[in-house]
Amino acid sequence: MKRDLVAIGDLSDRDIMQLLALADQISSDMRSYAHVLDGALLATLFLEPSTRTRLSFEAAMLRLGGRVITSSDAKTSSASKGETLADSIRMVSAYSDAIVLRHPHAGAARLAARLSTGPVINAGDGGHEHPTQTLVDLFTLRREKGHLEGLFVVLYGDLRFGRTTHSLARALVRFGASVLALSEPGLNLPKYVVEGVRGTGAGVGEVEVAGLEALVGSRLRGTLLLPPGLGATPSTLTLLADQVDAIYVTRLQRERLPRGAGEIRALPLIDRVFLEAAPFRRAVVLHPLPRVDEINRNLDDDPRAAYFRQAAGGVPVRMALLGTLLGAFPALEAASAGLALAPETAVCAEPACIAATEPQAVPPEWFRGVDGGLICAWCEHAAT
Amino acid sequence: MKRDLVAIGDLSDRDIMQLLALADQISSDMRSYAHVLDGALLATLFLEPSTRTRLSFEAAMLRLGGRVITSSDAKTSSASKGETLADSIRMVSAYSDAIVLRHPHAGAARLAARLSTGPVINAGDGGHEHPTQTLVDLFTLRREKGHLEGLFVVLYGDLRFGRTTHSLARALVRFGASVLALSEPGLNLPKYVVEGVRGTGAGVGEVEVAGLEALVGSRLRGTLLLPPGLGATPSTLTLLADQVDAIYVTRLQRERLPRGAGEIRALPLIDRVFLEAAPFRRAVVLHPLPRVDEINRNLDDDPRAAYFRQAAGGVPVRMALLGTLLGAFPALEAASAGLALAPETAVCAEPACIAATEPQAVPPEWFRGVDGGLICAWCEHAAT
Amino acid sequence: MKRDLVAIGDLSDRDIMQLLALADQISSDMRSYAHVLDGALLATLFLEPSTRTRLSFEAAMLRLGGRVITSSDAKTSSASKGETLADSIRMVSAYSDAIVLRHPHAGAARLAARLSTGPVINAGDGGHEHPTQTLVDLFTLRREKGHLEGLFVVLYGDLRFGRTTHSLARALVRFGASVLALSEPGLNLPKYVVEGVRGTGAGVGEVEVAGLEALVGSRLRGTLLLPPGLGATPSTLTLLADQVDAIYVTRLQRERLPRGAGEIRALPLIDRVFLEAAPFRRAVVLHPLPRVDEINRNLDDDPRAAYFRQAAGGVPVRMALLGTLLGAFPALEAASAGLALAPETAVCAEPACIAATEPQAVPPEWFRGVDGGLICAWCEHAAT
């Protein structure tokens, strides 16, 4: 039975720990894995711009001895002749042993996984999921701090369109870390992410800043903290001295903002001065990259600047994943059955949902969220 | 002596059968061919958008243990600095052991074959030839039906710009299959294709629909049937019950239609209802892909829908071809001398002919068609 | 200690001769080098259009048994999200063992070499340096003529923006060849190139055409000759009968000319008639390609037309370089310390200098030229 990686939730806790441990081994002795995937062929399909993710997947495959075919320019591809994603996937699945897909529409990787005979790995589906980035983030936090349980991590910046924070928030609380979401105004964590955390049984606290200190001091585990508004800026967090283990900074995704959105930068720049504030003195700084201007370059040589080490982790983590899904390493646990579907047949109204953009190929599928409302199984947006 | 594949006519009947048999073997045991081309280097030059053909060639080369360099975006290539195809080919020929070329101009691959020291494979030269697609089509028909001789195949849709049908029509009649050309209005098989079939000594019948039944009933072999006009729609073919072995559907090549062409879709959509009609009950459905809306997706799970199996055949067929042209498998027959050239020196007036677009590099070459008229050896259009 | 190749001046005379000799060996027996770089991974980053250089580097790496990841379209890369070159290099350096970089800004490769943990090879940084082209040019001249010392080479055409002539001029005089610069009007060798030659201790002569004969007749070695103006057209060089060993022709870089520049073509077309003139009867013709219309195609079959042989040399030369920098062949000499930097901290005003385009990442660095003026260490333009 093939395994895909569409969402970080597809992986059990044990799966994730197995992959991170394997990535650690690979990282310390990369050359000895050079023939693990001899004869295997990976297709990387990038229908939305990316360099970092594509190159790290290709490097990972080649470092394992495998080979790669790639299509990375939507304008020169069959998509420009009007081909659907569904047909493209069926074609590429016939040519290769596994597919890595980046696509602008939420749910695209889930569709691909259903149609492909080999494993599909989601390398980003619109603003929805990007699970291998989450594995890389967890890998980095674990290497930098020695463990995940009990960490206190601040997510910082654009938490609405910065999809890497969505998966990371859910994963961190699973492993007993606490997360404080510090968003630019209007760019909060989407509701479905918060519901997803709540759905795991973890705590979600809408706390005032004044209450943070007590909470953190009590070594709260696995809680997502959502300060209601801008009160929780770094300057008001000084009581949390030395409590923050990591700050995860994200780029403002200007290309996804509505036209006409004015200046929404309100959080301060991350630089040496910022890290001198009491809460952050021990914090390592992560960033999924590319960065624009949210981290000052004067921080690059600081030992707490972990973002380039984080980028380097992309190769061993993806080597661990590719080798596992292609059968060269011990298998993951059997995939869970997933949520029961609701009988609704309405098409999702979310314009960037694959069910809306390829209605001929994609059957409407819905499940019920923890609040009883309908959630589209493709893009995880609530029905309107 | 190197062999190229510029046109399907370059291959003898024995060559084709040898390649299809080899592709069958490869297809059943692909992993055992993983080192056949170790150390060989293929260049794929795609100066016109394509994903399917390029990826299947690259997959084929990599599956044989070879390696690939690729240039697939005309806008970032030397062509954007004004380099001619002739110079590009001489360069790439010096770098690699074989070249796969897609180019917007008819005759481009013939020019490349002449200038390259290694084998050249035509992956589509404008609206002219696409011979490996024909090999894939023949491979699929043979696997689906067990043989080619005596098959009755309907070509359906845009037969003017859909170049895959041009080579296929000629090849099918060579192997004793009969072909019925059902075109959208105004998108008939070009005259040079019909003349090409006639030139092989095969029959060409411009039959009324009323006469089709008798013809087909008589187990006519190797004939191209051209119904004069729209009379021959599927609904008028009901007398041919169970006679059609395959229907080969093509996409309307809207990007090649003259500007201002109105709606010319007249043939019905291929779907389950269509295949319930008497002539088509036993027909498998082929399509070179990408499809747009000429085949309903509700057909995809029907066992007669062979188009995804057809796409999958692209890899073993191209493995057979690459391995043969690069000397790893038994050689093809010696290439035939070709037609004697006429002494004319006028440059071809066809705007998309390589002789017109690169007159400095391409000498005018003409031969005489069966009707005695001059035919450009590069693009096979008649002199005007 | 890693070695990079940013400028031809990074290589000692012995380094260059070692690489050319190795390229000769590889060229005569390419297949026996097929596993020299097994397991090594090269990243080719082309942020400006190129096909020839990229494909020859990739062919070289693959011919050595290595593997390649590539990013060749600025529009689909992280650069389109606002990422700096500095960050891109740190990322790619973590993924691969070596980087080949083409970039529109002068100094980009120098920056990359400083940030990357593995070797960086400059494949063209704006109008500045393109050192591997120079190695290929020297390789070709040595093979065509048997030696470099004492050769008399004419540089011909656009010597201002045709960056390949800049490095070549400097390298030729180092090896005891003499160079005559015949420029299109207004497209002379830049001043920093002339100063660079002068800085090596070689002679620079601004000679009248009338004086050329005597100079060349005296077997002058290692001199750069700059005729003051258009007097030195080929037709006035007839006294130099049989003296010219090679003519190095360059394309007019129209994409770099100021808008509104009128017709500046003044030098005659290179063709068979040109080569019948007394000075050029023994001259081989080189061209870095792509050519547009500066060499007539009727010359292609002439034995003196060496430009396609020159292109073919790109692969063995780059194989020699890649294998050397990645440790598979004997090491180069230790890099020289370079010029002492001046204390100035002003940012370079040259708009295409990497110090001007990425001021956050690039510290201003200046040295003093032979005339005592300040020279930007990144782009080698004089301070204004």
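Going by the order they are written in, the chains are A, B and C; count residues from 1 in each one.
Everything below uses one rule, namely that a contact is a pair of C-beta atoms (placed from the backbone, for glycine too) under 8 Å apart; a residue touches a chain by one contact, two chains touch by 3 or more.
Owing to the predicted nature of the structure, the values given are computational and were not obtained by experimental measurement.
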item: Angle, in degrees to the nearest 5, of the Cα rotation that carries chain A onto chain B; value: 120
item: Shared interface numbering between chain C and chain B [over half = same, under half = different]; value: different
item: Inter-chain centre distance, chain B versus chain C - centres from mean C-alpha coordinates, in Å; value: 44
item: Numbers and ranges of chain B residues touching at least 2 other chains; value: 73
item: Complex contacts: residues of chain B adjacent to chain A; value: 31, 34, 46, 49-52, 54-56, 58-59, 62-63, 72-73, 251, 255, 289-292, 297, 308, 311-312, 314-315
item: Parts of chain A lying in touch with chain B, wherever the complex brings them together; value: 38-39, 41, 43, 67, 69, 71, 73, 75-83, 86-88, 90-92, 94-96, 360-361
